[in-house]
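Chain nomenclature is as follows: A, B, C, D, E, F and G, assigned in order of appearance, with residue numbering initiated at 1 for each chain independently.
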Amino acid sequence: MAAITERQKLAYANAQAADGRVNLEFETDEGMTLNMGPQHPATHGTLRIVLKLDGEQVISCEPVMGYMHRGYEKLTEVRTYPQVTTLVNRIDWLGSFANEVPFILAAEKLMDIEAPPRAQWIRTLLFEMSRIANISLFVGDMALHIGAMTAAFYAFRDREYVLNQIESATGGRFHPNFDRIGGLKDDLPKGWIVDTKASMERIRDFCDEMETLVEGNEIFQARTRGVGVIPADVAMAYGLSGANLRASGVDWDLRRDQPVGLAWNEVDWHVWTHPDGDSFSRFWVRLQEIRESTKIIDQLLDGLPSGAIMAKVPRIIKVPEGEAWVATENPLGEMGYYVVSKGDLGPFRVKIRTASFNNVAVVPWVTRGVYVPDVVTILASLYFILGDIDR
Amino acid sequence: MIPLSSPETTEAPEAEAPATDEAREELVAALTTELGDAVVGSHIRTGDDVWVRVTRDAWREAGLVARDHLGFRYFEFLSALDWLPSPFGKNEDSPTDPPPTPSTDIVTGYAGGDTRFQVFARLHSFSQKLGLTLKVDIPDDDLRIDTWLPVFAGVNWHEREVLEMFGITFTGHPHLVKLYLPGEFEGYPLRKDFPLLARHVKPWPGIVDVEPMPAGDEPAEPDATDASDAAEGGDA
Amino acid sequence: MGLVESGKLPKPLTSLLNTSRKYSIWIFQWGLACCAIEMGAALGSPRYDVMRLGVIPLPASPRQADLVCISGTVTDKMVPAIRRLYDQMPDPKYVISMGSCANCGGPYWDSYSVTKGVDQIIPVDVYVPGCPPRPEALLEGIVLLQERIGKEDMAARWKGDPIVVS
Amino acid sequence: MGVLLAAAQNADAPVLVAENLAFGMIAAMMIFAAIRVVSAANIVHAAVYLVLVLAGVAAQFILLGAEFVAITQVLVYIGAIVVLFLFGIMLTKAPMEGEERAGRDNWALGAFTSLLLFGLLGYVLLDGFGRDKLPEALAPTSTGAVSDAIFGGYLIPFEVVSLLLLAALIGAIVIARRD
Amino acid sequence: MLLNEFLLLAAALFCIGVYGVIARKNGVLVLMSIEIILNSVNINLVAFSAMTGAISGQVFALFIIAVAAAEVGVGLAIVLAIFRNYKTVDLDEVDLMKG
Amino acid sequence: MSELLREPLAGGVLAVTPAMSAFLRDYLTVAIFGGVAIGLLVGVMSLGKLVRPVRPQQDKYLTYESGVDPVGDGWAQSPIRYYVFALLFVLFDVEAVFIFPWATRLEAYGWFGAVEMIVFIVLLTLGLLYAWRKKVLKWI
Amino acid sequence: MVLALHLSYWQVSALRSVGILAAVLLPAGTFVYLFLFKMVSFMQSRLGPMEAGPFGSMQLLAEVGKFLQKEDIVPERADRKLFKFAPYLVVGTVLLVYLAVPFGPDMWFANLNGGVFYLLAVSSISALGVLIAGWSSANKYALIGGLRAAGQLIAYELPMVLAVIGVVIQAGTMNLAGIVAAQAGGSIFGFDGIGNPYAITQIVGLCIFLVAVQAELGQTPFDMPIAESELVTGYITDYSGLRFMMFFIVEFASAGAFAAVAATLFLGGWTVPAAWADLNSNWFNVIGPIIMLTKMLLIGGLIFFVRFTFPRFREDQLQRLAWTVLIPISLLNILATTVLKVAF
């Protein structure tokens, strides 16, 4: 066992002092302070939520982050472009492939190249598959947090079918790192299309199952309807995105409204919104999104163009000087990269705009006055991933 | 639109794009009329994006104008830029080579700039389907700027993040404390002159057959090497 | 003072005790990052189903856990919490470090906020490499741990002060 | 248990040795617990000791053959009233470290009064009842008999009880809810 | 079994309860002491019921239990109301005349 | 076998009348069993004490609070509604106590007993209705 | 079948104590293995424990052996005495519940006249144990969990008590053996071919009873007190080692106890619903317990099926369900039973 070094000791002491300070800050005479996290089943691992309670009613709620802060924005400055792709895979670890795409697109925009159509279609395919892998887990996770245990197992079970397809196409079950500037690493393997269609059938069955098992359950509805209502203007002001925004009734989907170099406009699908803005509508919208994704994937598979999968790019990638912003509609919401290049091998500065960071910012607002069980519902329905918040 | 062009013709869309971008030029014009002299620079990439740089005093004003008069109701993010070239390079050079001599010239990006630090924020308009990047210079000797909290409630954590990463203070922010890092973490990590210690003390793993590190400026940190010894797991 | 610590137990009894610990491992899931999902798949997915091995993924509180699986990136801010929760687990306790990040920092080896290896804080029994390791790898790690528990000399393990890395 | 066992197996022992023994043990336990209730520093401990007293009372009822009253004692007192007490305690900030004992000046007065009272009562009881024995033919009271008594002679009090409970319910809600 | 055994036990409990009512200041504890007193009364009633063979003693014990439930309910509610207004359950500190 | 188990206690020491004896013996079984059960638990606990290790460690006895140092004193003023629910419960429990003996004898009482009990229940239901109307059955 | 043994009361009592412990631990163990390990695994398309013993049948023994070796931690801020005492109280209550349940014509442990009343009274004590456990841990999750648990236990105690009253009215006795006999020998509006299992005539009572049992056990959808996603594990958060195992076993032992009570009150207990069966034969002392266990497993299966399927209620919804739905319905049930009983 290695001895702890000075630096480590210092960090340890610092972190402890910080904890203590937060504790002091929240200690009150009235009511009670309840810590949820950093290790708590409701906080997806490592978010810490400090609730000031009066009985079981929340007076104020303060998310404490940074337990998963890995310094992405600094690390991107010392990596080359292909290396950054590896790194950003791990921001939203459930929809890994979707993390790569906007960064690659931003780099391509700066370099003024465009991937060939087949690459674009395959990117869209994998993008949507990672969306399914992400959101199907959300469905199980939310059910689990509301107490329905079995749904989570079904989610894990059926998610595997999608992961299998991603793995057989990219070689990576979790972090594909399949995108390259100018195209893709490889073409699809033989027989993949048939298998994927079969797995999409499974996913549709899964959606039906969840609709009866979870969404249609009276208790689930009683727990989620009218809980954690976020009106549209609040959602806009906080910069909520993705299904959270659409569940508040804002009809906005970057896939449809601002397509950047991917093939969504080539197929027929629908953007679902829900007027209520409560936890149930967030669940409902996401469940519909899985359905739409399977539809998109089926159509993309049918119309997959042939041709090259890689544009002509130099062997050593140097990105010309400039600034570019590309955002895509990721599973968790809008994810964007603001890439500043100085013409080096690596980016000069990358600002990563992640969905969860903004989505969770609304938590103090929306949990004020609710009860402890509802906090869990709201957190689960907002659906954040810690890597996506802290980066 | 997705131009389904073959890779050979990737240059084509650029040529076909209209030479002017009326919507974005109108936008800049509108901002200029609303804010007057406060708009000190702008840049339009045709068909793609627009950058506008305002003075520090007009920062909040610019946000309000964009939100209320120009329809930019959706807040994407707020962050900062440090235009100082990194004095350390990437530490990926062979340790035997002489260290690179970095330039200290500050070259700012689109819409210009006069200072090392810039705060920038991005807004979006759903109705016009336009994005807008607002930039503002922050002088080195006075790293302060008005908070945008009255403009967009969601800016709260972004400003805290900028404080932590760059050390820029937002006046008027009610709860401006660190967001991520524990306790008394020293330094502002996203400033270019913040060193990544591990890169300094450890040879860049991308270079194989590297010579042992010269007993140089500072001793190798034992924990880093120990950790790599103890771990059986491979890197990604 | 327990009999086990004094090492006075007859061998059959020891092996009985070892066997019961081997097949009843309540795993405390400390999911930190990407690996958490793969750990979740190993524990929760019917395809992997760690319960087959007698590993029960029930406890949400460290007080009832035998094994803590640190899966994911350990940040400096998280270190005290990990240490505290490890301390709060009752003996006998085991640790699996899952994934490159927990092993040595992984792709964040040069980050300013990431701890380069959880073994700097708590003693680790099994390292599972990978980024992230597949669920099968975690199962393999658990099987290895079970083998180790089955052959363990408890008196030796529990003799002396607790293993504290500091 | 051993004592009871020996007593029960000894056929020549005075009649009712076992019952007397049981009574004595339970009574001692009850008095000890009751003293702890009124002297405990920690109010939650006091509530737990109160449970012991109440359980002892139920056991005494069993010895007297009053099964229904005994079970009612458990159901209402232990299962409900003590829980109500505990809720009340937790609502009125019971500190973990124990109640502050300072300023409990009244103990002398209380002890004096209660000892005096006990002497008086003891004298009166011994004087009045002496060594009166409970009837030899004591039989357990059946629930039906209790019911017959209630619905025979005490019908009006029975209905009044429901009114009382209603009044208590309304009164307590009014008092407790006024914010 | 002697009748007096039960009566003396009841008397002892009664006196302990009286001590609690007089000596303790905590409102909840006073209520508990009152419960002890009521229970001692119940022991008396049931003992006499067994002595005389009349069931009415047990019926009265049941009624007393009902009354005790009502009493605790209202009593604790009052203690809670006092606590809410005075932030204490110490009966001596509460000057009810003022409140 | 059935005779065997029903065989009265030899000597008849325990109680005066056979009825009382049987009655007390049943409850003595309860007491004995309670003793055996507690004995078993204590036995298991002490067996565990023999086997388990004791390794005091810094922070081991700290109250669990999701991995941070506990805030405050672990005490909370529980919301008033718990009290109101407990109160409702106590009063209805008392009601149930009076219903039980009546239920066993209903056959003998006939309509008269039925009407008496209906009045009793209706009176208490008024209390429930009151609580309902006062909205104490909801979150406060 | 007659044993040539003459046993004194004490020996019989000892035998009964052993028997009752078997009667508690056997169903509890069966429930854990069958439902927690295997049925849920089947529902979730998994296998469940497979390694310890054939099909993981020794898993439970491994658990016990493991918990024996676990350290027993009393947090320093906890109230040591009460913290240690609470599990005993909870376990003791559950064990005492079994005492009144008959498993055959002579296979009973204590034939109490007020049997039903007794077991309702005893089971109501567990609220106390839970509250003490929650308070003494000096842990916020535990305290909230304990309060919630106690609030829930008392809220659902009432519908349970009221549901049972219907049975008592029909049987005219509170003795459990009497209730079993009344079901076996009763008739439904004159038809006595299957006796009168109250599951048929008291179907409303049975439903209320089962819902209340689900809540008393703290199983989903009523698992607010130990809601994992909010309160970690509620009032048992700070319990470790054997004391935790006590709570763990209690969860299943009390499931068994309530299943036994429900089987006795509503499904005819150890009898079979057939008029030809000679219920006084000694054979029923042997097959009675088996019949009883079967019925218990049936009810237990239902309990755990619901547990692993449904999401959980929120605290207020749960209380509202008890006070505004179950209690009024059970009061109406009592009135209806009364009227029918008197009219026929």
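Note that a residue touches a chain if its C-beta (ideal position, glycine included) is under 8 Å from a C-beta of that chain, and two chains touch if they have at least 3 such contacts.
From a predicted model like this one, the values you see are computed outputs, not experimental measurements.
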Between chain C and chain E, the fewest steps along chains that touch one another: 2
Selected pair, greater C-beta contact count between D-F and E-F: D-F
Computed distance of Cα centres, chain G from chain E, in Å: 33
For chain C paired with chain D, centre-to-centre distance based on mean C-alpha positions, whole Å: 52
Where chain B and chain G are represented by their mean Cα positions, the distance between them in whole Å: 63
Sequence positions of chain D contacting 2 or more other chains: 8-9, 16, 19, 63, 65, 67-68, 72, 75-76, 79-81, 83-84, 87-88, 90-91, 93-94, 96, 138, 140, 143, 146, 148, 150, 161, 165, 168-169, 172-173, 176
Sequence positions of chain C contacting 2 or more other chains: 4, 17, 46, 60-61, 63, 76-77, 80-81, 83, 85, 88, 90-92, 107, 110-113, 117, 119-120, 131
Residues of chain G whose C-beta touches two or more other chains: 8-9, 44-46, 67-73, 77, 112-113, 117, 124, 138, 140-141, 143-144, 147, 150, 154, 157, 174, 228, 232, 237-238, 241, 316
Chain B contact footprint on chain C (complex, rising order): 76-77, 97, 99-100, 102-107, 109-113, 116-117, 119-120, 124, 127-131, 133
Chain E to chain D touching residues, read off their complex: 1-9, 11-29, 31-33, 35-36, 39, 42-43, 46-47, 49-51, 53, 55-56, 58-59, 61-63, 65-74, 76-81, 83-84, 89, 92
Chain D residues touching chain G - in the complex, by the definition given at the top: 5, 8-9, 42, 44-45, 48, 51, 67-68, 71-72, 74-75, 78-80, 82-83, 86-87, 90, 94, 96, 140, 142-143
Partner chain D, residues of chain F touching it in the complex: 9-11, 13-17, 19-20, 23-24, 27, 32, 35, 73-78, 80, 82-84, 86-91, 93-95, 97-98, 100-102, 104-105, 108-109, 113, 116, 119-120, 123-124, 126-127, 130-131, 134, 136, 140
Residues of chain B defined as touching chain A within the complex: 1-8, 10-11, 13-14, 48-49, 51, 73-77, 79, 81-82, 85-86, 90-92, 107, 109-110, 122, 126, 129, 131, 133, 152-154, 156-158, 165, 178-185, 189-190, 192, 194, 196-197, 199, 221-223, 226-227, 229-230, 236
